[in-house]
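This is the structure I have questions about; it appears just below.
Letters are used for the chains, namely A, B, C and D, taken in the order the chains are written, and counting of residues starts over at 1 for each.
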């Protein structure tokens, strides 16, 4: 199952004051399958150096730019150079390093949303196909074991044909205008030059959309969107509600907001079929409620023996020892790592290992973003995806 | 505050096998302000008799029709005849008895939705104005003390200008086709001849809509609706999602469904302003979550001294002694009774007593139903209310 | 099932400023089986008159003392006089009116704890046996439908042989010294002359003890108690923890406190057997958690068709329409009423109707109080019950 | 704050089929401050080799015994040899390796309970004092940020003088007799030769006891214990309840059980003072309920800016991104690591870093175990600690 060494990761972005870069590192380290060997942590060479030093990298493996890193690492002996790049920059800086890395023989882990635009996403797919690189998109929330269980449960048909899907993602951290302050997270996420054509929908609406399609296995076919810029002075949507039509006549709705004052990170999904339903909430991530039409609801819990192999694999401790966001993130890294090790070893990856998001999920997300913005501008009710 | 006798109630509808009639009776009895003195409990004279007997009414006060009841009671001595009529029939049988009762000098309590159609509701308003009768519409859920607290809290501006409103009402009891069976509740609610042009939206969507306008004090100005008939063979919508636009640029969404298998009666409202938000769920009715942008959320609890007078009045026991649906219903009856007693005594009703729904809420509800159906049929995104 | 008239109730105690008297009245009224026809509401004749007037009783049926009430009512024609007395006075005023009522042909509903002392309780049992009166003790919490379900479920053996029992009853309302103020509830409950030898254990410890023996069907055989007077100046225990030994080698513990600042009325019971366990909390009364060793926990909900007949009978509305404390109280009154009606009709009472507490539960409660106080004073670990 | 390299950890115990060893490794890796450089993972040399290989250690750094590891590592150049040993063996194998490691210049992280007996714990304290080694005991649960917040909050006196303390730790995993099977976790924990004189109380009762003294800052002075061997054939207690008396007249109780069928790992603590109380439950670890006598309860949440520096330091992600057991464990490792780095750098450790359990907590735990067993055997109510 394992190779005789840890996988070697390089990182693009993720300087000390960034949020998601540190998350990627912890997720990569947790299971002992991956070590960080190099990085181009910032577009500022100084910042990159400082970060590398704090992370105890040798100065020589801390680069001033992603180009330098990729091209230099390529020249290192095979037993030293990085195996893959983890790219954790703002959206407008995804495509460039991902393409360059793959074209130079490195595999890629990429933070979501996949690119700045749908066009870039489609082009990235071609790069992946051409280079044969292994590609992973960190849609964190599908890394939660109980979400994996929900997907497996729905696939068995136990709750019957799916009828209704509700997904919501309320946050409150952009309730006030924080772009003007020195708050890096807010600044780039609300800047069209770095985020793209959408703010809230691109940042967290894509997570909700990804989760819906992942859990149900159904594709959204048409949407009706109403986006808001709630906070005066903001340039991109910070809120939106979307009516959903799926294939097979299934309907639902999605909302995402970053101005729900007092909310933290309250992603929630509910799916109802002919015989029952499921409900999961990220802030109580180790529980999956399974509801039945004629029987008491059941409380499925992470780490228990009655779960599917996909869910069981996503938990490291016995039931009642809560695991959370970092472990969900680590599940994506670990599945990517196991799959990559299998490829290196020339063996088959288990189905459970292949359960991580890739370019198709990325393209669906960018399509969602573009269509949500189009629908919002339209007077027509429905916009096809 | 009180008159020297209990108020005397007659009932139209509510035979032994009905659901909501029994609820009205318990709500009326609970506080000892009202006694049941007569009834026309069914369009079947036999059934009406049986019900009257089971309720220990004298046979002479159990009538074969509402017309007989109203016209006979009118002839009784003032110290015997009923003071008001409680009408608990299916929707198509609301307008007739309400009009006749008021035109013959009786006050009226009416189950929701107010009438079969908007036109009837508008006509009923004229009857009320002409006769001067006291009129009460039993939108139960605004009778809950913590909903009253939410309204008062929002009115103070403590959570700042309102921005977002979410309301949802999932039920699961119509997941299967039950109309064909001997199930009276399902039969009339899914029958256009008795329910009107909408099923789910008329039955519970109106509750959600009423709650939103009650709690926020804001009027919905435009909607975008997507209704479903989920169960094959059903004649009216059993599900729907609606985007909402309120006055003052506030937006939100509403969904109601009766096919969410495993859900019971899970009405929930969330409102967010510039500084915080509130959240309330009917199945945990004695708690109001008050969330803050920069402080810990607070758990407001029914029966506590720190609540507003409107909320405190709606609880009969100390904190931690749960009250529920019947007490919320009784709050509406008690406020109606206190207001009626004040009128009889020629004294002023307290503001807290006047806090029960009336014809304006009824008209808004019927307008909502008509517009939701219109919007659902339209290709245009927005339909004005 | 019913008689042709409502049962007629007289009340001893329960003036307007009392808490539990109003609760008894609402519980009696809710289901329309009982009407209040007379009362001796206070040891102050004036207060009694005022209360009677507020309750719309004829002045002639409002008495200055319980003796007057019982002896006068006895002289009224059979179709007018009360059928039973509801006694809602402080503990030291239970025995007198109960005895007099029964000896004059009236049935009795009595608030808990049954008497001032164990000796009185044993004597009361003899009065009941001699007179043949129907006797009901209002241990409210066993009136909750999900507690009835728990009892039935345990009786089936589904969770296996019982091993562990935990019960707790934290309140916070005596956190401060309120006896000195004009607070009637606090004053008598902390006064040895009116409450008896124990405060907290007599007031709410008895509820917890009653619930444990009711739900498990097991008798406590030995206890080890540690009582506290937490608040300076208080005369009786306001807090205590008790180790429990039941028959069959089952063990557990009980705590009750009235100085848990911020707690409301948080009675909770947990029972574990060889295969699973149950958990119920009064503040979320419509839910019974059923836990399993090898399967997901189940959420049993009030009002559902899968419950036992005992539990189903205790709910008046469909699932998801919360019922609470008043309905639990009403369940006791209704069962008492149905049983009394059956007796009047000369028919058999259903097993479900007989499910209300009586003198045996009262004696067990007084025994518990006396032994808890004895154990607290002892240096020996175990005191036999 | 950091040194230029990661700290180097060696491990004693923790072969592939062990539970807690893997937890220690993940906790050590998560924050990138520590690397695993060597190990004696099992008393079986083969098993140790296999584990080392799976962990990608060089064969030369995988040892056949802890003696070999300690003595060999000591001979390595300073820039290669381990800095500290993490000991994750069953209880009877704690003292030996800890002593040898410290006497050879290595610092020690030790799994709880500290030793096999109180005598060993006291001796270990002398070794620590003599050698000056840094010593850390992994009482995981005090690593949770909201437990740190609770401690800080109580220390401020905001909830007033403490009066009552309740702690409970129900698990269900020993409900059945599993010792006989091939279940390693069950086997050693129920074996007096490896676990010591107590099963449940040694394993999880010590956690509950440690948490109580940590959070309140109060020492337990006397106890009254009732232990059970619930499952036939078991050799050590699998359950117990304990009455507690603290200094300052504070009282409380503690229970721990491993036979509560259906429970997972449900550690819970409640503390009440004169003005309010706190409540925390491990299975909902990111929430601390703060209850007030006269105000609404507050929901303190991990990761928020209003928390104390001790709590804030224990969270790696923004509010609403749940962290759990592994992060709590990692908090202990990180605090140990920061303190050790400070010592190496000759700088002062911040108070927040010093917040990890050590030998004093270990001695208190062993004292608790010995006294609980003594009290259980005694007929006297109280046993002094």
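Definition applied: contacts are C-beta pairs under 8 Å (C-beta built on N, C-alpha and C of every residue); 3 or more make two chains touch, one makes a residue touch a chain.
Everything numeric here is computed off the predicted structure, so don't read it as measured data.
Any chain touching chain A that also touches chain B appears here: C, D. Two chain pairs are in question, A-C and A-D; the one with more C-beta pairs in contact is A-D. Remark: chain C and chain D have CA centroids separated by 44 Å (rounded to whole angstrom).
Each chain gets a centre from the mean of its Cα atoms; for chain A and chain C, those two points are 55 Å apart.
Separating the CA-averaged centres of chain A and chain D is a span of 34 Å.
Multi-chain contact residues of chain C, defined as those touching 2 or more other chains: 263, 297, 301.
In the complex of the two chains, the chain C residues touching chain D come out as 159-160, 163-164, 166, 168, 170, 172, 175-176, 224, 226, 228, 230, 239, 241, 243, 245, 251-253, 255, 257, 259-263, 270, 272-277, 291-293, 297, 378-382. If you check the complex, the residues on chain A that touch chain C are 290, 294-301, 304-306. Residues 2, 4-6, 19, 22-23, 25-26, 29-32, 36, 53-56, 171, 173, 263-266, 282-286, 301, 303, 316-327 of chain D are the ones that touch chain A when the two sit in their complex.
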